[in-house]
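Each of the two complexes below includes subunit A, the first together with subunit B, the second together with subunit C.
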Partner chain A sequence: MMTLSKETLTIQREPDVIYFRNKAKEYAVKIGMSMVGQTKLITAASELVRNMLRYANGGEAVLEIVIRNNIKGVRLTFADKGPGIKDVKQAMQDGFSTGRSLGLGLPGAKRLSNEFDIKSEVGKGTTVTIIRWKNGL
Partner chain B sequence: MDKIPILKMGEFLLVTIQVDLYDRLALALENDLINMVSKTEARGVLIDISAVSIVDSFMGRILGNIASMSKIMDAETVVVGMQPAVAITLVELGLTLTGVHTALDVEKGMELLRNKIGYLPKEEEDLYDDII
Partner chain C sequence: MKSETAAFLKKNKKRLLEAWVQNQMSDSTLRDDLISNEELSKQSDDLLDALLVALGSGKLNVDSDKFQPVSDILSELSVTRARQGFSPRETSMFVMSLKKAFYAMLEDQYKNDPATLYQETVELNNLLDSMSIVTMETFIQGREEVILRQTDEISEISTPVIRVWEGILALPIIGTLDSARTQVVMENLLQQIVETGSRIAILDISGVPTVDSLVAQHLIKTVSATRLMGAECIISGIRAEIAQTIVHLGIDLSGINTKASLASALKLAYSMLGIEVRRAERKTIF
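Moving on, here comes the complex of A and B:
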């Protein structure tokens, strides 16, 4: 996998979420992703950025256009230095939340992505990476 | 701070969301709407989301909250104009919008609201009086 272009944004306040969503959409449009694909990507991004703001007071979001086997995709990475997640398996279950949300954020974002990766260490932070390919279902 | 306008149309309240909502704006709308339902004694709330490009779990929860709160205050809520891509994404996300009525457009939404509350326009009521 190769990265064609890359941009890093700092997420600190709620309006940053909107700006980031617009940027993600821009990237998706640039590689010719379908409307449904774009919407899934941006919705997943919205869930993950919100998590970062709510549980870690913000962090960094990286946007990339990547290419693998001649197919382009958008990769988004969300890295925070928050409290980390004690039990990642539990956090990935539908309906589980330590906040007062619906608990759909992480599992929902995974369903909306073609590739999903989460790494978390208690006391150090959490990094979530998602990819949606141009031709992804 | 930005604000989403709420219009009163007879017994109904009409909200057209034209911008992408961030969380605080959505919470403010929830609050304003419930206050308006109480103040105007509205029987229905119609929310047009045809210009909204994404509905995530937070926004979905707000729509659900508005519907349940309105219900308690004797008003029905209809969400209209959802884009197909948004609907597909919502289902995959796992959000079913329980308790929220939906319609394809504002006109159908109004019709649904009228049916829900058993509303008859004034003239028609008079007509029935004559027949009886």
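Moving on, here comes the complex of A and C:
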């Protein structure tokens, strides 16, 4: 996998969510992703950025255009230095939330993306990486 | 600065002002569409007056008390210019063009005394640089005030509740639904339900760019509150891609009436209220 272009944004406040979403859309449009694909990517991005703001008081979000086997995709990486997730398996279950939300953010984001990876260490922070390919279903 | 230099500049104020105004007028950044020549001359005159008084005080330091009137005039001027829509370059030209006028005068006076000329020029240069910084600082402040005011204005744009029919309310939601916005929407809606005795409310989300779980949660809350008031909610404006995303996210909206367009929501509302809309039977003339 190769990275074609890369950009890092700092997420600190609520308006950053909207700015980041628009950036993600820009990237998706750039590689010619379908409308449904764009919407799925942006929604997943929205969930993950919000999580970062809500549970870790913000962090860094990286946007990348990647290419693998001649197919382009958008990779988003969300890294925070928050409290971390105690039980990642539990956090990935539908309806589980420690913050009185619907508990669909993480599992939903996973379903909305083609590739999903989460690494979390208590006390150190959480890093979530998602990829949506141009031709992804 | 030497007192004789200050005195000399004071004596030649008229020439200095003329040269400065001339510099401003001939510069390509002159915005005669935003400011009249008379006003420009007046502003230049005011600033020069204050500056020449301060120059007589000896030490040239913008932050000193003696220079307070100069800073005040500069600050007010650049804040006003920021509001009027001047660019940073156009604003800083005001002070920058004064440099040229000063240099010409000093050169004239100290033609035969290069050492003094150099010293006075450096001092004056430092002073004018600090004055430019003051101008820029306040200019940016002025711009920031504009931005803050706009932010306030945007958040004040409340979501309107439209009475589309007797007993039917419609709420077009445009933009992102965050917690604060949902509160405003809900309050407006519930109040209108009471005031108009409406039984159906249509929430149109065509203008909401992204429906994530937070937005969905806010929508569900609004629907529940409406139901508690004895009214029914219809959510309309769900685009195809939004529908697919909602399903993937795992949000359950099955208990809520949803429609793709406002028109079909209105149709559903009519049938719920037992209203029939028909084309009038009219004899056509042709």
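We adopt the following convention: the second predicted complex is superposed on the first by the 137 of 137 C-alpha atoms of A that agree within 3 Å, B and C clash if a C-alpha of one lies under 4 Å from a C-alpha of the other, contacts with A are read in each partner's own complex, and residues count from 1 in each chain.
The definition used in the following text is that a residue touches a chain if its C-beta (ideal position, glycine included) is under 8 Å from a C-beta of that chain, and two chains touch if they have at least 3 such contacts.
Since the model is a prediction, treat every value here as computed from it, not as a measurement.
K.L.:
State whether A:L104 touches subunit B only (first), subunit C only (second), both chains, or neither.
P.N.:
In the superposition, A:L104 contacts both subunit B and subunit C.
K.L.:
Which of the two partners, first being subunit B and second being subunit C, lies in contact with A:R68: first, second, both, or neither?
P.N.:
So A:R68 meets neither subunit B nor subunit C here.
K.L.:
Using the superposition on chain A described above, determine whether A:K86 touches subunit B (first), subunit C (second), both, or neither.
P.N.:
After superposition on chain A, A:K86 lies in contact with neither partner.
K.L.:
Please write out, lowest number first, the residues of subunit A touched by both subunit B and subunit C across the two complexes.
P.N.:
14, 17-18, 21, 35-36, 38-40, 42-43, 46-47, 50, 94, 101-102, 104-105, 107-108, 111-112
K.L.:
Once bound in the complex, which stretches of subunit A touch subunit C?
P.N.:
14, 17-18, 21, 35-36, 38-40, 42-43, 46-47, 50, 94, 101-102, 104-105, 107-108, 111-112
K.L.:
Quick check on the complex: what are the subunit C residues that touch subunit A?
P.N.:
Within the complex, subunit C touches subunit A at residues 176, 178, 209-214, 216-217, 240-242, 244-245, 248-251.
K.L.:
Going by the contact rule at the top, pick out the subunit B residues touching subunit A in the complex.
P.N.:
That would be residues 20, 22-24, 53-58, 60-61, 83-86, 88-89, 92-95 of subunit B.
K.L.:
Note which residues of subunit A are touching subunit B in the complex, please.
P.N.:
Going through subunit A, the ones touching subunit B are 14-15, 17-18, 21-22, 25, 35-36, 38-40, 42-43, 46-47, 50, 94, 101-102, 104-105, 107-108, 111-112.
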